[in-house]
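Pasting the structures in now, so scroll down.
In what follows, subunit A forms one complex with subunit B and a second complex with subunit C.
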Partner chain A sequence: MRVHNGRLARSRFRLVLSLLAFNCDRLLGATTAQHGLTAGELMRGVGLFAAIAGILILFLVEFLWRPRLQPSTYRWLLFVGLLLLPITLLLGVTTTLFEETKTVGSCASCHVMDPFVNDMMDPESPTLAAEHFRNKWISDHQCYACHTTYGVHGTLAAKRDGFRHWWLYVTGTWNKPIQYSGSYPNSNCRACHEGTVKFEEVKSHQALWLDLETDRLSCFSCHGPPHPGPKEQEVSAGNQ
Partner chain B sequence: MLLGKIRSNGLTRRQLLQWLRTISTGAVVVGPLSACRELWERQPVVPVESWHKAVCRFCGTGCGIQIGVSEGRVVDVKGDEYAHNKGRLCIKGLLNRDILYTRDRALYPMVRHNGELRRASWEEAMGLVAKKFREAIEQFGPDSVAFYGSGQLFTQESYTANKLFKAGIGTNNVEGNPRLCMASAASAYISVFGKDEPMGCYQDIEAADCFFIAGSNMAECHPVLWERVKDRKSSRPETRIIVVDPRRTSTAKGADLHLDILPGTDVALYNAMIHEFIGGGFVDQDMVEHYLSFKEGDSARDYQDLKRHVNRYAPKRVAATCGIAAKDISTAAFRFASSNSTMSFWTMGLNQQSQGTVANRLVMAMHLLTGQIGRPGATPFSLTGQPNAGGGVRDTGALAHALPNGRLVANPRDRREMEELWGLPEGQISAKSGYHTLALFEAMERGDVKCCLVMGTNPAQSLPNAERYRPAMDKTFLVVADAFHPTETTQFADVLLPAAMWAEKEGVFSQSERRYHLVPKVVDSPGEARSDLEILLELAERLGHEDLISSRTPEEVWEEWRKISAHSKYNFSGITYERLKRERGVLWPCPDKSHPGTCRRYVPGEDPLAHGNARFDFYGQPDGRAVVWLGDQHNPKEPTSAEFPLVLTTGRVLEHWHTMTITGKLEALQEIRPNFVQIHPADAARLGIRDGAEVIVRSRRGQAAFIAQVSETIRPGVVFTTFHSAKHLINRVTNDVYDPLSKQPEYKLCAVSIKPKGTTNASA
Partner chain C sequence: MSRISSFEDRWGLLRTSVISTLLGMFCILVFLWRGFESWTVGLGIFLGVPLLLLGILLYLTAVIRDLRRRGAL
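So, the complex of A and B:
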């Protein structure tokens, strides 16, 4: 019975959240059903709740309840409505943004990314991205997984890149063909491959170790291309 | 003074402090921000001032690269995304970054005095070279001098050397190390199609459904092409890869079917596969009726003769000879013939044996008979080992028997044509073929060749039975132009000329698929080093041939050469220098400036030189038919015996190249030592050899010491080592017998013994 009550409570909670959300299917859709509620999804709900609650509180306090409220209660409610709930909303929005921009769909939302996303999902493409996708070596958020260096700095760098890409896109100032800026951090590849027998037995890896560790040479130099090259991008763009 | 000026402008002390505070705050905030571009986007680890389109210095894949230059030095190298390799490089390609800055670069000319090489001026060195050459020519005739070049020289350099010696000096003693690696393939292409060089291109890889890789460890020797083969397999998993190799190489590990054949028995295998094609009804009768002729030796044959011939090679009959299962031969034949498109790759495993030409011809015959040819993905494709063996040496005819663009010294009409194109009087080009490589060094041994200019190669290490030819080099007035000193060969030099290398000079390479492409000069050469072209031009001038050798820059020489090609079926007159600078190379034939280049030769509609609208126009042959040559498996030249019970085969590792004059000096590769000999555990146990033990490998010719690597990757009865190391010099052991047709030596098999060090007789 307690279990049943717990499930009921959770389902009610979800219902409330979904009512708060404008796109409830994405909020508590298949991903949630499979993996449980993620921090991003929770914070999205909390943020939306905070936004609505804040507006509601301010409306009630200012236009309906004010004559009946003690000055101290009035100040507290203003404090909640003007500061605490907006902060919660900000946290919710930030977390949602951080989480949402990890998805492949987010990257694909700019059409200039079409050649890359289409290639990744092409079952016959030989690129590294397609091979990793096809073989499910990276199960989720495939773009983000390879384009984010590990640690806090990596997350920030990824957000910086994402913001820059967005900026270039909306201002129409990107250069064709799209190319990777700077040196790719090999730690993204090494995190999974290093230490495996297949990796360690390759003498070239040992010989180039210092270069690989300092990103002077990219893993893609020998194992690429990770994505369609400039020529394939042109063909892909021409086909659309 | 400053304060006075401020006061005069009406600033108070308070305002001054406010200004200073604002400026310092701005400096603190803006300074690091403006310096830290990383805040906006990722930055390259290695700052580069300028990037330059070029080509890799190493193997015959001919990968496009971008060279990063800063402050007059090569500081970075990356794959060119616009080139055929799509940005990929192997470890050697990446280490192009460091090759110019290793130890032991030859920096100034040296002349031998009292047995020692001493520094000299260019004037002294070239004066001596010219004097000795002139004296030899005057006293003993033009055939007393020779040129021994390399598939690593630029096309302009090999062309100029060939012209200087054959048209100027009047000797056909022009040879080069391609004789050691590609002669059998060239000989077979010419005898089958009438013209040298493969007919397909790399794009065929993306269309092939079956790969037949024989005698080629592509994964280590042509790794970028191997990655492309793996891409095809990854995109289309039902693609079949068949590998024929005595070792379980990295390539064989990626195969669906590995035929670990005994060295030197592949002619039987190919005959058995043709037997299966005929028995299985896989022969393309349209090919037989319209596009093929049959030959055996000097005699014409027909298809019925072929059927009778291969009856002796049923898989069950050859299985024991080849050391593989009959059903595997049948499976290989079925997959080869039944696939939509089959592409063959081969290299030294076929070429470096005394039946090299026969083996090459039979692989080509397999494609011709099954019709696996001339379509996307269906082609016989030999790989080259050097960056310019094809364009530089084979196409320029810089070999003893050859003249430019497939012409032959032995053919009077070919000689006359070249005399006309070079503006020579009739009879200027000698009718006598020069010495092929081993014959050249034998002639040095006899004293018939007095002077030899060796350019860009290291024969003292790379010749088979190397010990034999060292005294010959010692006896000859040897001029060695090389980028490095010392090498095994420079120790025999009477004059050492320091050569610029790769991006220190400009020139054209051509790789396995007939792509001519340009390497620009992007940095200065060290010390007093000069390009090989400059050295040849000066020699020509000093020998009085400056009027003949009138093209004096890489661009001028190329323009002369491409115009000459227009008079042949190798026509690449459309590949102008401007195009080479702009494009990522062009595949010949390319007869005009607007032609995009040719992927598949002999196919009307694709090849601009092919006529008609039939399936093929094999225009290299007088009757327009490619030749299927009947060939028999011979017994090994040097069978194993009680004293020498094992078969030695040689090869390479991924990280090193040729005789290691370059890669052996790279810091990154110091821990990769090709000092091992692989031996099967059964043989090792029988001979009392432990893994890691020091052993001596010995043949009838010589011996060398190695570290035993007991491994199941080699089949019992066979041992393997590389030819890279001068310290562990296996070419003291290898056999200098050669293919009678191509004159290419048999590096790939000889009989040896192997014993723990200390238990063997030291004298070979």
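So, the complex of A and C:
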């Protein structure tokens, strides 16, 4: 009987391990094997752990165990459940959000962006976005790489704009075809191109340098278009 | 139970804090589990995070009030 119980316990242990392994695999994604664990993936795991542990602790302490607990134990468990784990969860969710909003998938999660994402991935498209994508000039996070002004302020501004887009999407208050609001700063192009031999060799870049630096002249005056225009967007939307 | 509630939750702050934190954690858990989608961002970030912050704030208020009442602050 003891041998049977031991076998049963071992098989249950193996089952739990395999379930954990399966969920970790799902959680961390296929890219983990290729690139290693990123900060975003790690903090997502930490956040998930904090959320599950916090929910369990708070529910048990407040609704089931409370009459049986010593006041000091109750206080310590509340300290863990109402302060330590929530702060850990906030760190996890903030890091995850900042990392997730950099991905092309997060931009594509609103269907209004489909014409832009489809165009970028179209090997025949003549737009700058598609050219950069198919030549792998930007290896990852292609939308984010061009649509943020560099530095901390730019990162925060990109997130602010992302949430403005989210709000327009969920409230259905955007106007079709969608258009870029504001002006695109040349610094986003210059961040990668400036200083390269190919860029410096072009005489017009040298001649118009001051205008390019002060945004009096846009890079798109000569290069472009960066994305499909309103007509192409309508055609792309109609094809779906 | 009476010992705990008599000196720690006189204003119902802890119970409100626990409920708010539980709801916030659940909303954020859905976001973390399902990943970035338009509805999960709304639920997890715009609803879950404020609820969680409210829970932390209420807990800290309850602790500070309790410490003041005991003359520790």
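Keep this in mind: the second predicted complex is superposed on the first by the 198 of 240 C-alpha atoms of A that agree within 3 Å, B and C clash if a C-alpha of one lies under 4 Å from a C-alpha of the other, contacts with A are read in each partner's own complex, and residues count from 1 in each chain.
Heads up, the rule we're going with is that a residue touches a chain if its C-beta (ideal position, glycine included) is under 8 Å from a C-beta of that chain, and two chains touch if they have at least 3 such contacts.
All values derive from a computational prediction rather than experimental measurement.
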Just to be sure I read the superposition right, which of the two partners does A:S109 touch: subunit B = first, subunit C = second, or both, or neither? second
Based on the superposed arrangement, let me know which partner A:G40 touches: subunit B (first), subunit C (second), both, or neither? neither
State whether A:Y74 touches subunit B only (first), subunit C only (second), both chains, or neither. second
Considering only touches as defined above, state whether A:A51 meets subunit B (first), subunit C (second), both or neither. second
State whether A:L217 touches subunit B only (first), subunit C only (second), both chains, or neither. first
Tell me the contact category for A:S204 with respect to subunit B and subunit C: first, second, both or neither. first
Taking the superposition on A as described, I'd like to know which of subunit B and subunit C A:E131 touches: first, second, both or neither. first
For A:K231, is the partner it touches subunit B (first), subunit C (second), both, or none of the two (neither)? first
Give the list of subunit A residues in touch with subunit C in this complex. 44, 47-48, 51-52, 54-55, 58-59, 62, 66-67, 69, 71, 74-75, 78, 81-83, 85-87, 89-90, 92-93, 96-97, 100-101, 103, 105-106, 109-110, 166, 169-170
The subunit C residues in contact with subunit A across the complex are 1, 3-4, 8, 14-15, 17-18, 21-22, 24-26, 28-29, 31-33, 35-39, 41-42, 44-45, 48-49, 52-53, 55-56, 59-60
Residues of subunit A that touch subunit B when the two form their complex: 124-126, 131, 157, 160-161, 164, 179-183, 203-204, 206-208, 210-211, 214-218, 220-225, 229-231
Taking the touch rule as given, give the residues of subunit B at its contact with subunit A in the complex, in rising order. 39-46, 76, 78-79, 81-82, 86-91, 94, 223, 227, 231-232, 234-236, 653-655, 668-669, 671-672
